[in-house]
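One structure, pasted below without further comment.
To keep things simple, chains are lettered A, B and C as they appear, and every chain counts its residues starting from 1.
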Amino acid sequence: MVAATSRVPVAKTYKIYIDGKFPRTESGRYFPLKDDEGNVIASICRGSRKDFRNSVVAARNAFAAWSAASAYLRGQILYRIAEMLEGRAEQFVAELVLQGVSKRRARAEVDATIDRLIYYAGWSDKYQQVFSAVNPVASSHFNFSVLEPTGVVAVIAPNDSGLLGLVSNIAPAIVGGNTCVVLASELLPLCAVSFAEVVHASDVPAGVVNILTGFRDELTEQFASHMDVNAVIFCDGDTDVSRDIQVLAADNIKRVISRVDTKWSEDAAQNPYLIKDTQETKTTWHPIGS
Amino acid sequence: MSLAAVPVSTQMPDLGQVTRVDEVGVKERVARFQSRSIKKESKVEALKMVLSMIDLTTLEGQDTPGKVRQLCQKALHLHDSMPGLPHVAAVCVYPTMVGVAKQALGDNDIKVASVATAFPSGMTPRQIKLEETRIAVDDGADEIDMVISRGAFLQGEYGFVFDEIAAIKEACGKAHLKVILETGELGTLDRIRRASVLAMHAGADFIKTSTGKIQPAATMPVTLVMLQAIRDYYYETGRMVGMKPAGGISKAKLAVHYLVMLRETLGQAWMTKEWFRFGASSLANDVLMQLQKQATGVYQSADYFSKD
Amino acid sequence: MSINRPIIFPKTNSGNFVSTEPNKLAFNDGWQYAPAPESTDHVTIDQRYKLFIGGEFVAPEAGRHFETINPATEEQLSSVALAGEADVDRAVKAARKAYNGVWSKMPASERSKYIYRIARILQERAREFAVIESLDGGKPIRESRDIDIPLAAAHFFYYAGWADKLEYAFPGRHAVPLGVAGQIIPWNFPLLMCAWKIAPALACGNTVVLKPAETTPLTAMKLAEVIRDAGLPPGVVNIVTGAGETGAAIVNHPDIDKIAFTGSTEVGRIIQKAIAGTGKRYTLELGGKAANIIFADAAIDEAVEGIVNGIFFNQGHVCCAGSRLFVQESVADEVIRKLRDRMETLIVGDPLDKNTDIGAINSASQLETIESYLKLGQEEGAQMYQSSCAVPDRGYWCRPTIFTGVSQSNRIVQEEIFGPVLAIQTFRTLEEGLSKANNTPYGLSGGIWTDKGAKIFKMTQGIRAGVIWANTFNKFDPTSPFGGYKESGFGREGGLHGLGAYVRLEA
């Protein structure tokens, strides 16, 4: 038997994920991801504003059908993502290890990520029941309030949690019927691309999840300012970053959601209020009569 | 505009095309009419208008020529101590009392209206209804208040109801026909709207809410729906149809709110006794008391107003 | 076949209304309603109003005042303190002191009773408040008496009961107050907006610095009296009158934890930018350009009433006004004809007359804005129709106005006019109606009229807006959340959802 080491391994090309496809960045630019010893692990797409623009178009196009999909179906699909991730857990552990995470912690992060997906899959047909209301108005009307997804959500995922932090932001957004464009961790981008492949294999319609890699310096402004984005979530950055995002978001009154202090590995980082962050309350009135 | 100005087309309308009615919306609109504050000279004018539009009514099994003559006296002399009052529009009696009323009223322009067509139920064969109508007209009735066959209407036999109204209209000759829908038995405002359309297309000169024998009788929501049907029919054909709410309107304030509703729904052209009537027995005295109060500033007692 | 629908008007391809009406109704001659003015005997308005800070009425530090006038007569009603930065700072300090010292420590059930007291006193003094609201803001007494004031009292009553039940409002979470809330409200519903802002803030345990609008400060100052009479601890509610600079001082004050603003999208945007990076919470209730969609199978007469209520309520000074009307082509002529006849019965004039339907435009500048849009609409080629009613010589007035022959590309269709001005378009299919309804950066409200249940749900789900009225319009209730999608703002006011704006949730 030929020793494995004698075979030249096939290196993976990490691409970005837009509209259910894996293009290379439109910019043609890459940046090297290095391990602690300075060895290049992979070339990572340096996503551009045009990649982001294309992602928003895809997300907007996907919104109508995804938001209209049944809660049951959305739950099934999130569950399916968890299943697929479980099946490919070793790959994700390996990628985390490659990026400098200890084997034990890597395993724990992958497990937590799978569990988090299961958690939100289960919420798909329940958060509405928890947060909706029938309002006892004084006039002769039936009045009720329900949640509806905000729309296209731009997510700047946490830098320090390449897989769990990413998924902890994507899952509550999409389980609620939003579509999203996500900027992956700049420091730990590998799992994001592999997660896109899992998403792709899990019956998630094209455009519902779009994942870019690249530099925050270049892309944060785009995420915050695009006029067809309804909400922007950011998970780290100093006061200046936070201020810039809010200022830019104001041009179309985006919902700005800061998750800067969240510890993604804790149980507290998963709850239905994260779903509610990207939901709108719609109240409907109708007369009661004959 | 005279009734004869526009030829009546007697073609069965497509009731499925009649616009829907939303009960809550109708009630909200009525509340707006009721929130109108009618004071001072406009109140006096309205109260006098109400008096002039009253069909003074007695429709009892115990009616006698004596009772009807007293009613006619009241119709002619509402309250002679108060000068400048109009007299009522008509007296409304059973067919057997038409002759008595006609004689008692003389050649005054107060009309004699007779209920007919087996009032109030209408549950008798058509030839009898027709014969009853002809007799009332022959005895001198100026106006015939017929009832529709509610059972047939509720059964969906719209053609039967339509034909019956058209036949009675023909039997009326030159007498005006008021068609009583008996709205309290129709159940929904949608049906009331459709019945109104049906009656107008079949030739009704007036549409009327109720016999007064069934509760609820006239209400403002029901009357509004009928006024709106009249307006749409006028838009469509150019023919004016009159409106008569009857039963349950005994207070002057309520009657004035009906006039507000009339004014804001059909406009000024309808605001005469030629196009609007109140079917009522005790309304007149309450109006008289209000007029006296307006004139003297003092609240009145019923003892000072004749009951006939 | 003869059916009960008028098929009368020649129609152009765009569904434009052509006025050649036979069988026209006449509303103008004959019996009219005599003036029925509401009495002002029981109302006192001071010549000068101070600021309400720390439970006392205090003079503004710089001694500046501004006039508030009656827009129906252009006469001055009172002179009102203009709060500057120093005054706002004083108010915030008073609010902070009250928050730390009293309000956040008080048992919630006691807090609740104070808010109930406010509701009760408002109910007792309702008529006085209604008259002042109409004098200061120009709205018809029928609306201030039947809608604004009772709803304001009801709002306090509703939220009073929440104060000691917050643990049931947020499952799995513990709700804690934010601290000091800075609140800036508009001139279209002066007292009601005070209630919408103050009631939930207090119920959740916050203290308040509120700025009423420049043109309508009087009922807020009367409310200050009520709050004092209700015995609220000093500083729990502070009311500072003023203009833009006063609002800016609130927005920029470092010791304010939350900003709640109702007003234009333009100012909302400025506020969102101003507080960026400060960590202040904020809710914004901004502009709108709501679609009101009439299908052929609607109850047409009630729909017409809904159109009138949608655009002419409160002179059209309503952020959720149904200012874009969409009528299905097959009933467009009927609807427009009925609408025009209905408009003829609307009485424009003295806000204090109980029969007035449309009062005075709130201010000279708002009238100028509205008139510029009337001019623009005509320049854009739309057909303008106004009712023929008389309007008084003095004061600010605008007849009820509709524009036909417009499309989504007209500016009068795109921009919020905030006046009694309706832009009417036609549509053919449900998809077309829905797509045009959503073709706006706003998303506050929408209306839909049809007799078909399944279509109601398809439309109410499809319209991207926070409040949808189906077969009704412009209804409000303290239990019913109100607020927008997209550029109409975010956060909800009213109902259980309105609590969320004034608490932080802890695990």
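Worth a mention:
Here, a residue touches a chain if its C-beta (ideal position, glycine included) is under 8 Å from a C-beta of that chain, and two chains touch if they have at least 3 such contacts.
What you are looking at is a predicted structure, and each value in this text was computed from that prediction instead of being measured.
With centres taken as mean C-alpha coordinates, the chain found closest to the middle of all protein C-alpha atoms is C. Two chain pairs, A-C and A-B, are compared here, and A-C has more C-beta pairs in contact (counted per touch definition above). Work out the mean CA point of subunit B and of subunit C, and you get 43 Å between them. With centres set at the average Cα position, the gap from subunit A to subunit C is 37 Å. Subunit B has its Cα centroid 70 Å from the Cα centroid of subunit A. Shared interface positions of subunit A, defined as residues touching 2 or more other chains, are 141, 287.
Annotation for subunit C: residues 471-472 touch two or more other chains.
In subunit B, the residues that reach two or more other chains under the touch definition are 22, 24-25. Those residues of subunit A that touch subunit B in the shared complex are 140-141, 287-290. Those residues of subunit C that touch subunit B in the complex are listed here as 1-8, 22-23, 25-36, 142, 146, 297-302, 305-306, 337, 341, 345, 354-355, 451, 471-472. By the touch criterion stated above, subunit C contacts subunit A in their complex at residues 154, 171-173, 265, 268-270, 272-273, 275-278, 284, 286, 441, 456, 460-461, 464-472, 475, 477, 479-483, 485-490, 492, 495-497, 505, 507. Considering their complex, residues 22-25, 27, 188-190 of subunit B touch subunit A.
Interface of subunit B with subunit C (complex): residues 9, 11-14, 17-22, 24-26, 28-29, 35-43, 45-46, 49, 197, 201, 228-229, 231-238, 259, 263-264, 266-269, 271.
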